[in-house]
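In the two assemblies presented below, subunit A is common to both, partnered first by subunit B and then by subunit C.
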Partner chain A sequence: MGVKLLLDKVHIEGIRYYDAYRKNGGYAAVEKALKTMSPELIVDEVKKSGLRGRGGAGFPTGLKWSFIAKPEGVPRHLVCNADESEPGTFKDRYLMEFLPHLLIEGLIISSFALGSNVTFIYIRGEYAWIPEILEQAIAEAKANGWLGKNILGTGFDCEIYVQRGAGAYICGEETALLESLEGKRGNPRIKPPFPAVKGLWDRPTVVNNVETLAAVVPVINMGGEAYAKIGVGRSTGTKLISACGNINKPGVYEIDMTISVEEFIYSETYCGGIAKGKRLKACIPGGSSVPILPANLLLKTAKGETRYMNYESLSDGGFATGSMLGSGGFIVLDEDQCVVRHTYTLARFYRHESCGQCSPCREGTLWMDKILKNIETGKGKKKDIDLLWDVQRRIEGNTICPLGDAAAWPVAAAIRHFRDEFEWHVDHPDECLKRNFGLAHYADPIEVVT
Partner chain B sequence: MEFTVERLQKVKEIVARYPDGKQKSALLPVLHLMQEQEGWLSVESMDYVASLLSLEPIEVYEVATFYTMYNLKPVGKYMFEVCRTGPCMINGSDEIIAYIGDKLGIQPGETTADGLFTLKTVECLGACGYAPMMQMGKHYKEHLTKEKVDAIIEECRRNAAMNN
Partner chain C sequence: MSEEKKLFKVTIDGITIEVEPGTTILNAARQIGGEVTPPAMCYYTKLKNSGGKCRTCLVEVAAGSAADPRPMPKLVASCRTTVMDGMVVKNTTSERVLDAREGVVEFLLINHPIDCPICDQAGECDLQDLSYVHGADASRFDFEKRTFVKHNLGPYIQLHMTRCIMCYRCVYVADQVTNKRVHGILERGDKAEIATYIEKALDNDFIGNVIDVCPVGALTDRTFRFKSRVWFTKPVKAHRDCSKCCGKVHAWFRGDEILRVTGRKDQWGEVEDWICNECRFEKKSIHDWVIEGPAEINRHSVISQGHYSGKVGTTKPNEPFSKVMKGRQPNLLMDIHSVSEVNPPELDLSALPGPAHSTDFPKRKDTGEEPLTISEKSKGRLG
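Coming up: the complex of A and B.
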């Protein structure tokens, strides 16, 4: 079994509350950081750890922190991104629900490192029962001297507030999140200026994902160098994967990034194989925005090498034959699933979530939704498949924020790898409406894994 | 539609988190408080929120119409918001939506005549591993089956009858 740094204590009774958390080594990292380290030293340690943003983009966290501007007399802010709305992703919710103190601990250290006296957790509105859990943890931390004024006699003051969104995927994009936190519509801002220079209320701001900030705790506890030894290459430390779809054991798993995709899917430690004894057809390994891969390209790269659950291996082959680790939202499709239908639900999602500021995204997502609906319901023509390809191509790279790309990529990958399935829909308008009927037989032959 | 004393106190606490002059930041939380109290956001209640936070009414309407969780018309006492995105779809959310619709005699987007239930389809709620699922008020109902749906509806009816 692999190393666990985040979920190692999740099964301890009462770990959600302060006493059990503290008894089991909690807040030792805050003590170490605030009493023995300077903010600069903490940033250095995070740099050494190789920790990369767990929100999806994988940007090195220490580097991001070192960009924060420090103009004289202007307050700075840390904002925790708990918007978690990417289909397939539910790991941050798990962390917040079961290990709230781990996040709070990470937030205190990170706030100290960045000089944020007022830190916000922006959480998606639908997670309506989680703010209470977090606020309880914050109150406990404060009552025990880890938050508030002059923490541990260091002169550092810090308050953490939880603020709810109200149903908008786009508010996970960091500048849209900041707009929302300012009480506005979630329209992403044009960059530059970047939040590190002008963020919340025009003040220098760092936005980080829940898991990233929780991972700062083991980084401080064990030291950056030791953290960097776990994992492989530039995929250091551990990653939470939320696995769903047609598998025997959906759930949230912590992996060190050395295991193969095959082990992750078939081992009893993780997904436990494909449900109902079916065969694996395809998988979206990193949240709905990343390219779908057919089974053969998922388990092995185009060069025939084993594919591993890490940033580099999953993206091996680029978009032609690879995908991305993304947010770790792992969606598995069995042999009965229809890729056209699945892609259609995602296109509908992005159409619904586009903020509408840029025309390629607003119009493009609308068209993709319409065309895919037609193909899925047997009203499509062959030329619609080419039109769909054309529409997605015109969105990518032509928008203010990456939601446009995120909407285009899944459609492009579905056509790239499952074009025959789209054609089958066009050729069999009556049959394609029957769900789970013979769908496996028109897809590429599936490599049977034994 | 004015806030209760407790909620006014809560508004004050929230506004105090932000720098002077940035009280607009409180808009989303305050709209949540209003919806909690009234069940939905009427123009009057939005105007009230605007005056409370010293905003133009349009600044409130803009926000209330952008975010899907704000109800701009009255909804049933119990709102079933069933997720239909990919991972839930492959685990049978379509059947669940159809089943609830049939059972209650309404289409997604509609409310039952007795005002008890509203059925809505929503996009991914971050519970994909526990599919099919729906949100009901503050909580999630996961691993839905027809039997589970029956039991939930039954319980809602019982609670509603008891509170009358």
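Coming up: the complex of A and C.
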């Protein structure tokens, strides 16, 4: 059993409410940070901890914080990105639902470090029941003097507001989120300028993921250096993984990024193996937008080394033979799942969620969806596979925001690793609708010739 | 330190130019002019925040600046990226850029109806020009295209959403030029459309400018609809004393009749100044206007063909092409004279008495081969 820093107290009765949370060491980090540390010191401590953004991109949090512009007389803002809409990712929901005070605590410390007096939580519209939980936590924190004017007598004022989104995946992109928060259409902005310079209402803004902000609490409690000792290499601390798909025990797990992928899938502590005794075929290790990996490349890297659940190891080999840790949405496919069907589902999702602002994404996602539908329903031709490859290649990197890449990567990876499955669909139009195409050889980790 | 503002040196496709700090790559390229200028479908100099959406102006930055010469990993939108001192940009010299641009044109066209034969914009359409230069000769999209219902936005403007490429220019015009915007983008992704939500007339003194900024035939002038092809009309510079706008326009004549009035467009297809609805839609009599003279039309434009020569507008160039274009040779897709007997260069049409007949064109030397059938001809052209 690895170290737990975020979910260590989640099983305590009533931890969702202030009394139980405070009794179990809650808000100690706020006390420590506000009373004994300066904002610069907190940023330094977060830098030392090596904490990386947990939303998907893995950008070092301390570095992001140090970029924030500090012009005279202009307010700064911290925005918590709780628009967790990536298919397969549900770790933030779990955190907010069961440990709302942990997020509030992290938000107070981070707001203090960044000088944000008005902080926002932008929460996904579909999480209809969570704003109430958060607002109740905010009210409790305020009643006990952790929020509001002159917190702990330090002269620091902070208010936290919860804003619900209207159900758009694109609003998880930080600039689209800011647009939406300003009350506009959620179109991503063109960068530069970056939010750290011109964000919410053109003021310097930092947008962080829920888990990142929650992780600030253990960083302050134990110190940055101690936090950096957990984990391995540049993957420090712990990460929440939301595991789903054909596994015995789906759920949210906290790992310390030193365990192997094999252990994570098969050990009883975590996923508990593939459901119904079937074999592992493929897995998307970091939320729907990262490349899918076949079993042989998932458990071992192309060089034959064991693959671990951390940022570096999962991306070993680049996109040719690797993937990404991403947001930690771990989707497992067993031998009976059809990769073409699966890719079509994702393509449909990205088509539906594209904002339509820039042409490659608006038209390309539509086109990929239509081609994949044809292949999946037995109307595809061999040349469609090459066309699909061409379309995704011309979307990737040419769009305003990363949604274009996110739509292109799963398609690219599916063709790269499972091309014979696409070809089988083209060659067997009658059978492919039955959808129990297993291609079992992917289930047996085989030697990869490099 | 001298009082002079320091200029930034930027190299685009091997041509170096000095520009003011804060200039975008696109505007630096426009100062050079010619083929190094990336096409722009959504950027409009006069409209703040426009650009960055169509992705046709993507360029490769081979070196970020003199201080930090690392290349930028992704292609950047030249209309929204400002130059740095010592920046090296590749536009037509980069394979990546040409490939991406071909991709963007393909994406823009897959749902475009390509109904140019019945579109009022044909002949002055940015998308038409773009696809001639960067498009492929056949579509790989074999699905039903997206269509929308046509809407009349009031008495003057028709919205043909099917043709729209979502450049957002008309939204910015309504935001920045008129006092109240009543239209915008509804829905998202491929279902996104320009609309007024509840069908409503666009009613504002300056709303007619959305017609001028529209790069395609999505927003057209109802007073000019189906009146004439643009290349049969003659643009003439004209002005009148207008209390609302500058009053400086292009009046498009056929005979003595003014068929339509538009803003004056520069060589990049952008209007010099906004004009009001009264000038645009109401003043269609020759007595309303003071005629200044012929408007300059790019001599490559279809509008300058045929009816112009010797009277107004362009003059026949005397210098060879390479001299006009500073040493560059014309960028021809094919030599038309290799497949056609009509109008051979050695024949001076103006020397013929009356109209030319097929008998005026010398038959090509008989090669002893069978003449090409039509299908083979078209095959050869497509191949």
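Here is the rule we use: the second predicted complex is superposed on the first by the 436 of 450 C-alpha atoms of A that agree within 3 Å, B and C clash if a C-alpha of one lies under 4 Å from a C-alpha of the other, contacts with A are read in each partner's own complex, and residues count from 1 in each chain.
The rule is short, and it goes like this: a residue touches a chain if its C-beta (ideal position, glycine included) is under 8 Å from a C-beta of that chain, and two chains touch if they have at least 3 such contacts.
Small disclaimer: the values here were computed from a predicted structure and weren't measured.
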item: Which of subunit B and subunit C A:266 touches, first, second, both or neither; value: neither
item: First, second, both or neither for A:394, with subunit B first and subunit C second; value: second
item: Which of subunit B and subunit C A:168 touches, first, second, both or neither; value: both
item: Contacts of A:190 with subunit B and subunit C, given as first, second, both or neither; value: second
item: Subunit B versus subunit C as contact partner of A:353, first or second or both or neither; value: both
item: Touched partner set for A:65, first subunit B, second subunit C, both or neither; value: neither
item: First (subunit B), second (subunit C), both or neither touched by A:367; value: second
item: Subunit A residues touched by each partner, larger count belonging to subunit B or subunit C; value: B
item: Shared subunit A contacts, counted only where both subunit B and subunit C touch the same residue; value: 168, 185, 352-353
item: Residue ranges of subunit B in contact with subunit A within the complex; value: 17-19, 22, 24-29, 31-32, 53, 59, 62-63, 66-70, 84-87, 89-91, 94, 122-131, 135, 137-139
item: Footprint of subunit C on subunit A - complex, ascending; value: 168, 170, 185, 190, 351-360, 362-367, 370, 387, 393-395, 397-400
item: Parts of subunit A lying in touch with subunit B, wherever the complex brings them together; value: 75, 84-90, 92-93, 118, 124-129, 159, 161, 163-169, 180-186, 201, 242-246, 250-252, 288, 329, 331, 333, 337, 341-342, 345-346, 348-349, 352-353, 435
item: Residue numbers on subunit C that touch subunit A, as the complex places them; value: 51-56, 58, 74-75, 77, 80, 99-100, 103-104, 106-108, 110-111, 140-141, 143, 146, 165-166, 168, 184-185, 187-192
